[in-house]
């Protein structure tokens, strides 16, 4: 039909570039995965492998968190619950002599169900009320597991050391590459699941819910149902990380499997990397694991917590300089290069929704 | 009283105003009209300090105020009634009004409050009600009253009749006329062009961030261009 | 010991894993200091010191090679501890690992060492379960909670004989590996001793307030209260007892928080009357020349008195160094064999022990505990009688006046 | 909640509908009907309860009492997404676009209601964009639009759900008379495409030529109903709403 | 029965402390919409200030209240100008993460400066007081802390709800642009908000030194509870926080009597039940 006015106006098409965060293209995915596959060959020492394994594992969890917290806008500070579900289910079954593969596979639907069960009442709550409620639920479970007999209580569980094989998911500690590539495989699986979910209707729906719940309902979206769906997948993905983590460490106790710190770190990874961006959580996880590891090794020997000082300062600095996360910093640095290379398209660039110029918390 | 010279404003690189010149003399009521997105609100925001201009100067009472933060410009007496009223919804009507006179002495505020209640008797009745629960028209009265509380030298209004019933709109225009009689200088943005041009001394027509016409309000209202493009006659 | 023999060999790297940050960093640092001092004594010549490897420089069995301690921070987290073992063994190629203060961390770290085939010597984790896992590379120099419990119940028997009434005991424990295991052991030994456990209260170690937990103990009024708590909770407990004006006739703690110097300095007179088990005591150190020298060196070096924790780490490092020296090799298997065959007599240690000899589970059979009571701001040995120089104060609140 | 369903002559039947917030009756015993294909105006002073009535019809607000019948079905108390799927499209007076998404994604999200496949939804979004003139802004983030564009997007988004009934809450306010006239044309086109329209507007210049029938609310109650001319000359309406006769 | 009574009294007293700790948190939330993860660390710094006032100057914790209040108020200003104020207007998550970074940083800083040692004031003046009402024993520090907490909470509530400046702070919180049109500098108001939150928190820290020990992780035990109390009472509502603090305290006290391991769980469960029935918390409005 007609354009809004007879008068000329600055073409709205020239408004700040695409807010619409697009999902990554296949080519990006292939490049990233190839880099990941090459990593342990380039960096050959065991410590680098260890960082890679942990980064991928936590990257899975943070990607799971990002689906619910970033894309669907339901900021959970209780995702350790699902990580713990994966870890504890796997530990329980493996201690019974099950195959770890089967154990992990079984923990996924369990975590999905649990996530839906928690979401059922809690999704009535909005914003911070929801966030704090997730803390409460996770902490209650933490306390129950710590005290009730049957799940190792505060002591936690050790998993048996068995013959090294792919079937047993135990490999040599001297060469950790097998651990790394299994982690990478699991990450691909998780990323694919999230990508498939986000690609179509569900992805649009959860983003609409994040932006405006009432408006979403008004266009026919069953808000509660899609929140539950996102939560379930998010929970399952996070549980995958927990299951593999416990097979790597061969130990789980409440703080390492269900602790609040863990929940916060998933959030931190996603936000640091770029919340609501597909590769953000992995990047965040990688950086965080690396920084944590290096600062601990380099600076903690004194017992004076210089590692924590640096780590905290770094988080503050990154958040202050670039709220869009590291991915945004990276893109900003990359943009001029890309332009020179003649590929100016910036598929994931997205400034925060343009706000007013005034300060508004 | 207010002089805007060569004002350029943009939003993240997208130009909203390009070289606007405008002048409001003491005691004048100047209307600012134009299509949607022409940059009227942007101009008011830039004058009142809510948005920082890229280039150009804003002179208010012979002082250069360009680039000053909004609260300092407000303290000098140039007060904006912003788009969408922007009341403090969780506070009561009287608290909103008193915030309007934040920088005045207690006695002055009391006196001013009485004057506002005289202009809008409904507000006296509703003084204890939370502003967020008022009807649209009542909210507009609070917004206007709140701006008057500081006894502004220059009052800027951004679409005061938006979403207001015809009866209330009429009333608001009557109040504006009264305020003007009391000697307050005004810069008015209004889509209700007929009413605005009727009330105003002079008017500027803004188009794509530029002033394309200006002159005495009655002359503009009579011009073919304005009648065709804006009044749809 | 030993002479500077035929040219210096490479240094012998040992990994030390302790909580150097986080809530237990004080203790972790204290343990680290003890270990560092042991390394210092091995590497430098201390002619008069009657301890293994005291006189002479380095390890004579390895041509005077010095020992180097590489530390890792566990942050008090089991999973971090395990990761650090990996890193130090595969990356730094350490010959053996020492650690890791908290029982939970020792558990995972030693499992990792087991998988990597490297000896793991534990200095201060007392959880009984650690030596019950059938590990082949795990050794513990210190006493277990069970050893400690037995000492404490022996003490109670002695008190009964002296006429104090003891009809029931209570347990008040931090809800974690250390607390749970200790509580279990206490219940077991109490049953053997024929004393009923009338109340067993676990508390969240981070809880802000212990008021209702103490109220619960009070309602059962046990004659002796066994306590397993880290520093913060230990202080909170003593303050709560004071504020509710309720004191059990005796309070027997399993070290840790009660052994922290901050406990005495922080509480002042309020700490008086509390008793704790100990594997080392400053008072005993006074009586042994070697122990006295070491304690003085420690004070010189760190400007703080040696503690039970540092003494235990000191002993573990020295024992390990002795084993490596005997093995004349840094090969893990040889070190392990040497540890198995280790035999250090009690008077060649700074501990009130009968010596260091490991059984087939890796537990030192010579380790023993004493009971101390806080009297006028100082821990004094009150049991066994032959080591003690003061009479215990019973009921404990008499010490408060 | 029994009673016979109305005959097919009515698309929306509002029957004694009331809504109370604490002590305030935002709507009280409001009854009227909307016949298929009509453009019905809903006017009244600020705070008269127009938006609340919309919310109830769209399922966003549960009525305190009364009954709603839509397309032959009792839809009282239906959840908003069910109402939307049944064919009620709505706009919000204070624009609520999906700010972080592009205009195209806004539209296709709505289009998914009828077209589960991404490709079909995109196509529907394209059609709507053309109809409402959103073409030039399709790739812009919705948050960066000006108010007028947002209103247009609100309208387009509601339209993308392929509603039978479209509720428009002040989508034409804040426009210059010329712009308003264009928007009126869009509404007419939508209506000609078979969508029934119930709209709230304060600008009589828009209501008068556009609406077939007008309902007037005052203090939550219906005070008048009829053709625009009838209503404009109703003394109660003049007194309560217009201030003076047009 | 005696035990129950004792536990209820204990619960009420500790509940008042929860409320006081929560005040600063709810203030910052109410005005800035920021969940301050570093809040526990502000409490911790307050406790250290009070401790050093005792150990270096010999001041009783009660006498160090003004000092601790002022110091933490300054810390609050520093945190605002140095970090939080720089991310205003960005996504709430970015702000939350900044406060999380501050948490880690401040905890590390405390350990760096003062070692992880636990610091205690052995016998503050209040510890000499003890009341016995029937069978119930009430410790002086508990009473002092509770009374202090209620006074401080009341003072903050009064300031925010009844004074002109408080109104300006709230206005800036609700709509900073509109506030600046009134001639109010919103940034100054935010800073003021952090200062007041710091003041309340510092006072809380000094009061806590009557009974608790300072250490780098001392804030942890209070802050989770403070989060719950704030959401329970309704984000932004000071009276709500006070009410919720008392409720949670009593719940903890009573449950502690029967199942001491589950005190925290009980408080959390109580909160969940209430908030699921009343999603905006006890006295919340949004």
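Which chain is which? They are A, B, C, D and E, in the order written, and residues in each are numbered from 1.
The rule is simple: a residue touches a chain if its C-beta (ideal position, glycine included) is under 8 Å from a C-beta of that chain, and two chains touch if they have at least 3 such contacts.
As the structure is a computational prediction, the values presented were derived from the model and not from experiment.
Where touching is counted per the definition, the chains common to chain C and chain E are A. Traced through touching neighbours, the fewest hops from chain B to chain E number 1. Distance from chain E peaks, on a Cα-centroid basis, for D. Simply put, of A-C and A-D, more C-beta pairs touch at A-D. Note: the chain lying farthest from chain A is B, by mean C-alpha position. Separating the centre of chain A from that of chain D, both taken as means of CA atoms, is a distance of 41 Å. Averaged Cα coordinates give chain D a centre that lies 48 Å from the centre of chain E. A separation of 30 Å divides the Cα centre of chain B from that of chain D. Distance between chain C and chain D, defined via averaged C-alpha coordinates, is recorded as 76 Å.
For chain A, the set of residues that touch two or more other chains comprises 4-6, 15-16, 143, 146-147, 303, 305, 307-308, 354-356, 358. Residues of chain D in contact with at least two other chains: 144, 148-149, 176, 178-179. Those residues of chain B in touch with two or more other chains are numbered 11, 35-37, 50, 70, 229.
By the touch rule above, chain B contacts chain E in their complex via residues 48-50, 69-72, 74-75, 79-80, 82, 86-91, 95, 98-100, 102-103, 146-147, 150. Listing the residues of chain A that touch chain D in their complex gives 1-6, 11-13, 15-16, 18-21, 199-201, 204-205, 207-208, 210-212, 214-223, 276, 350, 353-355. By the touch criterion stated above, chain E contacts chain C in their complex at residues 3, 6-7, 10-11, 14, 17-18, 108, 111, 115-120, 122-123, 127, 130, 137, 139-142, 211-213, 215-218, 220-222, 225, 252-257, 260-261, 263-264. Residues 11, 33-37, 83, 134-138, 159, 162-171, 191, 193, 229-232 of chain B are the ones that touch chain D when the two sit in their complex.
Here chain C touches chain E in the complex through residues 21-26, 29, 175, 201-204, 206-209, 211-213, 215-216, 218-219, 231-232, 235-236, 239, 242-246, 260, 262, 265-270, going by the rule given at the top.
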